[in-house]
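Note that subunit A is present in both complexes that follow, paired respectively with subunit B and with subunit C.
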Partner chain A sequence: MTAAVDEFLKISGITKTYGVVKALADVSFSIRRGEIHTVMGENGAGKSTLMKIIGGETAPDSGAIELEGRRIRTFVPAAAHDLGIHMVHQELAVFENLTVAENIFPYHNFRKAGWIDYASLHREARSKLDLFGLKTIRPEEPLGSVALAGQQMVEILRCIVAEPKIIILDEPTSGLNDREADLLLGILKRLKDEGLTIIYISHRFKEIMRISDRITVLRDGEFVATLENTPELSESELINNMVGRDLSASLYRIKTVSGAAPDAPTLLEVRGLAKKSSLNPTDLKLAAGEIVGVFGLEGSGVGKLSRMMYGLEGKDEGELFIKGRRFAKINPRIMAAERVMYLNNNRKIAGLLPEMPVTDNLSLPVLKRFSRFLGFLDFRRIGRLATDFIKAFAIALPSLSTRPANLSGGNQQKVMLSICLVPEPEIVIVNEPTRGIDVGAKTEIHRFLLDIASKGVGIVIFSSELPELMSLSDRILVMRDNSVVGEVGAGDYTEQTLMRYAAVGSAATGGE
Partner chain B sequence: MPGKLARKSEFVPLVLSLALAAALSAASGVFWTSANLNSLQASIAPTAIMAFGMMLCLICGYFDLSIGSIMLLAGLLSGKFNDWGLSTPAIVLFVLLAGLAVGCLNGFLVAVLGINALIATIGVQYIGYGFAMTLWDRNMQHRKFPGDFIAMGDGQFLGMYYMTWVMLAILVGLGFFLKYTLSGRRLYYVGGNREASRLIGFNDRRIVFLCYAATGLLAALAGVLAVARIQSPTQYMGGGVHMTCMIACVIGGGSFAGGKGSALGAALGVTFMSLLTNMFNLLEMNTQLQNVVVGLTLIAVIVVDGYLNLKKMRAMGMI
Partner chain C sequence: MTANTGRTLAVREKGKINLGSWLILFLTAALFVFLALTRKNFYTYSNIHSILYEVSFSFFAAVGFTLLIIMGELDLSVGSLFGLGGALMGLFIFNHRLPVEAAIPLAMALAAVIGFAAGLLVTAFRLNSMMVTIGVMMAVKGYNWIQIQKFGGRQIPRAQWNFITVELFGVKWTILAMLATALLFEIFLAGSRHLKQLYYIGDNFSTTILYGLNANLVKVLCFTVSAALSAFGGALMTCRLKHPHVTVGANLEIGVITAAVIGGASIFGGRGSMFRTMLGVFFVFLLQNGMTSYDINSYVQQIILGSILILAIYLDVRINGKRT
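What follows is the complex of A and B.
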């Protein structure tokens, strides 16, 4: 009988690939009935993909999921709901146009003679909200006027009222403050005591150690270990499991000596850049020819910093110095004029004109240079420029008129990087330069970045891949909870040190 | 209590309509005459019936630009079927079926094939218009409809046209449907957050499809009633009515973002638009100014709504 309890949800041999990227490779482990089971790993370790598969939002390429010994064959959300599996997303799936009560009970189970009975609906919603101690939220108010934490609670309530067997929570505390997170964790403990099985994803070690029964660690899409959360379990053990790659055999050569000249002039300086509730005052200095890496787990503020540095997102405070000149106002136009370029982290959303020829993409930032009499463009010279870059970056292209939409991810990424470099920038801010591309393209992009740095360009690189950062950066800043919490110089890099900063905010080993 | 009323989305068109009606009764001696009220009814009822359909689409986050063409098609088909000697019930049935079919075509293009609603419904607008005009011949307007067909447009009950009663019946039915049935509420879930509605297991495509189908049916119904009222089909029927309906719906609380709106709001929005036309006619003002007023009202409603939203979000610290 223990097998049925131990293997309440059995995950065996799950594999899933997106293009060239293996999101999950032969992952197997089991969830016990009635436990809080945390799944952790670095960004890109495959946690979210695995949860999507369990929650019925995407089907695995191979492998099987069994609930109580019965294999799940249809992977659609409705089928998962029927089996009693519900998922709360990190990006909320709520309806701001409807009331709190209608968000908790979207199936409107309260009817009188077939008509929806709003009085009972509101009464029931009230009692569920009270159960969670959410006294300030009114069932009748539109969800859009409830604060983010409240919306999150409402989505969790929606799952709970469906009386599920398993709920999956994807980083439920990332948008909450300590008090709210505390409340949520208390509720989860209570739900567990009532027999609910909870799969929990989080980056916050303290929380994980506090509420988990067991912890499964994934790394690069592979299963590493399932650990019992005993008092002996230490943060170090978790961190070692999260990062423990054997880098000696990998394609990355960890930088041991800073490549930047010690007397190189400062190109860019960020002073006190801050925004309420998304970034604490942050400083950053970049010298000519230097590569500064910035690392952080999801929700640590890395994305905000990169966007705010380029003026893609508003700031409350702070200023920027480019080669000593002060800029209180930051926007992309000013940055581009000062020869600072930005590589977006999502090539699908921003960074490419996927339906226009590669030549048009490449010449876009410098069209002015090719503008002739009456604004006519000199297409011959544009073609020459494009050819040069395509050669320099070894972009595999059938012809100059190929549209990026038809290229592989690696080539798209190279085109995107080329676009940034066409205006001959002095400073480049790159965001996840090699996300989701194959190893060959990855090494080539790394080579280009090292190459332009050696020519004096300053590079700030935001990446969630530690090996990448360690092989490129002259020093690495680590962020946690919207602040820079540590800086490690080339020569002192180990994944453990960096991950420790990102996870717990200090480099010191030992218990809390 | 008055605060609660003011927060309802129907409040704006209600106040606007009442203000216009009050102004008109003061400024014009003929506003309350039965001739004027009849002409108001004949303008409000068919437009409101079409606006109901538009509102369904808007709630789901879509819109339908082909309703004017469907109305015209319904009108000219009525004439054609009459030429063929069909009885009144047969004419009505076949015309409604034709409207339903065009609505299903819209639904198929938008909900099943996933074509952008603007492109799809403009395409159908042209197809519908072109096809309808092939049915048109100048002599059509001189041939007589059967008496029971004319009665649909002419007949009155308790001082109101049958078509007004039909419109009110749909208003009440649709109002209850949207507020008190799960099927009706689903429209708001789909329009509010399509991805999330899918995640909680709603079949968003089917819901959107059915809304377009219903919109086609309602536009055809409006077409038949309008032809019965003027007693002969004309080739000008339905021109620009899609814009009138869309503006009326937005003034009435609908939104292009989806997830908002009500049947009552649509009816009040149409009432406002008709009263506005009525005002320009009765007071013999330059009718071109009417368009200026409509445009200004539309923009004012949206700007005020957006401003209030912005203030709310700022107060909550969301931006």
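What follows is the complex of A and C.
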């Protein structure tokens, strides 16, 4: 009997790979009936992937999910819905043009003589909204005009009206402010009291420790532990579980002394870069030959900072100094002209010309340099340049006319890094330089970055992988709630310190 | 590991045939031979020459279109801007008594302003180019009708249209102008960074922005050029007809898309060639000529042309479509 309660949803041996990336490796644990079960882990730990499997959006490579002892065999959302499993996504999946009421009841049956009976649809929606204390949201307004938090609530309501057994919430609070998050937590508590089982993903320690019954930690796609949320459970214990890698045995060599010369001139300075409700005023300084790491959990503002300092996203305030010269306006054109290059975090979206020969890719940022009369390009010199880079970066290519679309992820990443280095930049901003590539290519890229830094190039590296940051950076800035909350220098690196800044905003441990 | 990756790549590269580049040559040659063999009066110098003469006007509506489709933008206003060239010829020559050498540049400049505005809407306001240019098409077409009706079939004086009949080496100069334009663009598209970057923009717009290209400016310029050259073609065509006519440029955009796509351009961007677009326009005219010589009803011709367009787009999607 207790087994049935304890193993309400049983996850056993789940493995899922995307190319070379092991998103989940042999993960097993169980969810109790009627509990709030939080799943934690760094970015990329595999949380969303696991939720998508439970929610029937993607099938595992191996392993089994059992609900009340019955194995789930088809992984499609409709099947999960039939079993009573509903999911609220990290990326909201609402219909902005439909009204709030229509969003809550997308498959409603309020009809009168063939016509939609809006009166009862709205009445029913009103009563559901009231139930959640959402007095300010009107059933008949389009959802697009409702604030983000409200949209989130509406999506949760949509799951609730389906009378589910389990709801999954993937980082529902990362876009909410404290008051809104409080409201949401209150609702979750109520739903739990009504017997609903809730799987919850969040990075906010306070709220996790407030509402969870149990907490499961994932790390690098592996199950670490399931902890009972007793009063004795401390933030430190959670953080240790989230990080706690055995770095001595890994391929990373953690930096213990800064590689930058103390008297190196400042190359880049960011002053007061800010945008309303996405980045608080932020400063950053980068010296020649220095590698500055930036770390933060999802929703901490790292993504915004990286994009805003290259002008890929607009800013409200702030200025940039490149070798002492002030730039109030920032856009990629200006930055590229100043030989500041940006390695994009998602090579599928931007960073490569997937269907153009590698030579064209490499010459892209330096077309002017290779053009002669009337802009005609010197293909011989471009070919030589490409050959040099392909050799230097050990890119596996059948020929110079190969297109990146046909390369492996690791080689694509190396091509992209080469494109950024072709203009011989003095400053490089790299965003997740080794995402989704194999270990071999990863270590090579690390070597290249350390190498160009030793030649005087300044690098700002944004990464969600702590070991990567710790082995490359001379110092690491940590962000939380859209601000830089801490800075740790080489020599003082431990995963615990960095994660603690990212999670709770200070380095002090519980006792201090 | 390296060798292994290399081998699988070579196989994959080879397996992907570039149908686009051969298709148009093959189709045109096949149709040409077929008509030459089956129609008595087809394979004569005067007939071929007169087909090319027709093609030479419409080709100018396809130039900017090709530049834009390479960048993944569709310009459906080329037909009505072609017509606008004719309407403005009437306006300037009849109402303002301007000579043709002033009327044509002015018509091109006015059309350029419209193209520029469309380009701004597409880039600065991120509106869909197909929708914007359909709007331009409707509005300009309306204007053309109003204007041309006012002229009531008035003829352009001989002194003004006479230049259109000039021949060099027994070939109408507009044909030579078409060939020269196609060749010039082809060379620049292949070798000069100013036009080569169109392929880059079409392949991945965000990437070109990321590495500092002013892709939006390039797009605006191409919309402007497209409009100006379309008006140029329409103005010349009007000179050939000796009077502005509402059928000038009617449905031309359909012929131009068909020509560009069977000429190897892709609605997904990143592909296209001026020379092959020219062949494409020739193919479309050849087909129309052939169908007429077979006494195929002009409505049936429309059905056939429409089907060919759908087939071309279908092949494009199958060959170049984004694999997910």
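FYI, the second predicted complex is superposed on the first by the 507 of 512 C-alpha atoms of A that agree within 3 Å, B and C clash if a C-alpha of one lies under 4 Å from a C-alpha of the other, contacts with A are read in each partner's own complex, and residues count from 1 in each chain.
The rule we apply is simple: a residue touches a chain if its C-beta (ideal position, glycine included) is under 8 Å from a C-beta of that chain, and two chains touch if they have at least 3 such contacts.
Since we're looking at a predicted model, the values are computed, not measured.
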Fit or clash between subunit C and subunit B when superposed on subunit A: clash
Which partner does A:360 contact after superposing on A: first (subunit B), second (subunit C), both, neither? second
May I ask you to decide whether A:333 touches subunit B, subunit C, both, or neither, giving the answer as first, second, both or neither? second
Between subunit B and subunit C, pick out the one touching the greater number of residues of subunit A. C
Once the shared chain is lined up, is A:145 touching subunit B (first), subunit C (second), both, or neither of them? first
Mind working out whether A:186 is in touch with subunit B, subunit C, both or neither, as first, second, both or neither? neither
Looking at A:78, would you say it contacts subunit B, subunit C, both, or neither? Reply first, second, both or neither. first
Return first, second, both or neither, reflecting whether A:377 touches subunit B, subunit C, both chains, or no partner chain. second
Which of the two partners, first being subunit B and second being subunit C, lies in contact with A:69: first, second, both, or neither? neither
Of the residues on subunit A, which ones does subunit B touch that subunit C also touches? none
Parts of subunit C lying in touch with subunit A, wherever the complex brings them together: 1-2, 5-7, 9-10, 12-13, 188, 191-194, 196-197, 199-200, 203-204, 206-214, 270
In the complex with subunit B, residue positions of subunit A that touch it: 57, 77-78, 81, 87, 89, 92-98, 102, 106-108, 114-116, 145, 147-148, 158, 276-277
Can you name the residues of subunit A that touch subunit C in the complex? 312, 332-333, 335-337, 341-342, 344, 349-356, 360, 364-365, 367-368, 370-371, 374-377, 379, 394, 396-399, 402-403, 406-408, 411, 419, 440
Which of the residues in subunit B end up touching subunit A in this complex? 176, 179-182, 185, 188-189, 191-193, 195-202, 258-260, 312, 316-318
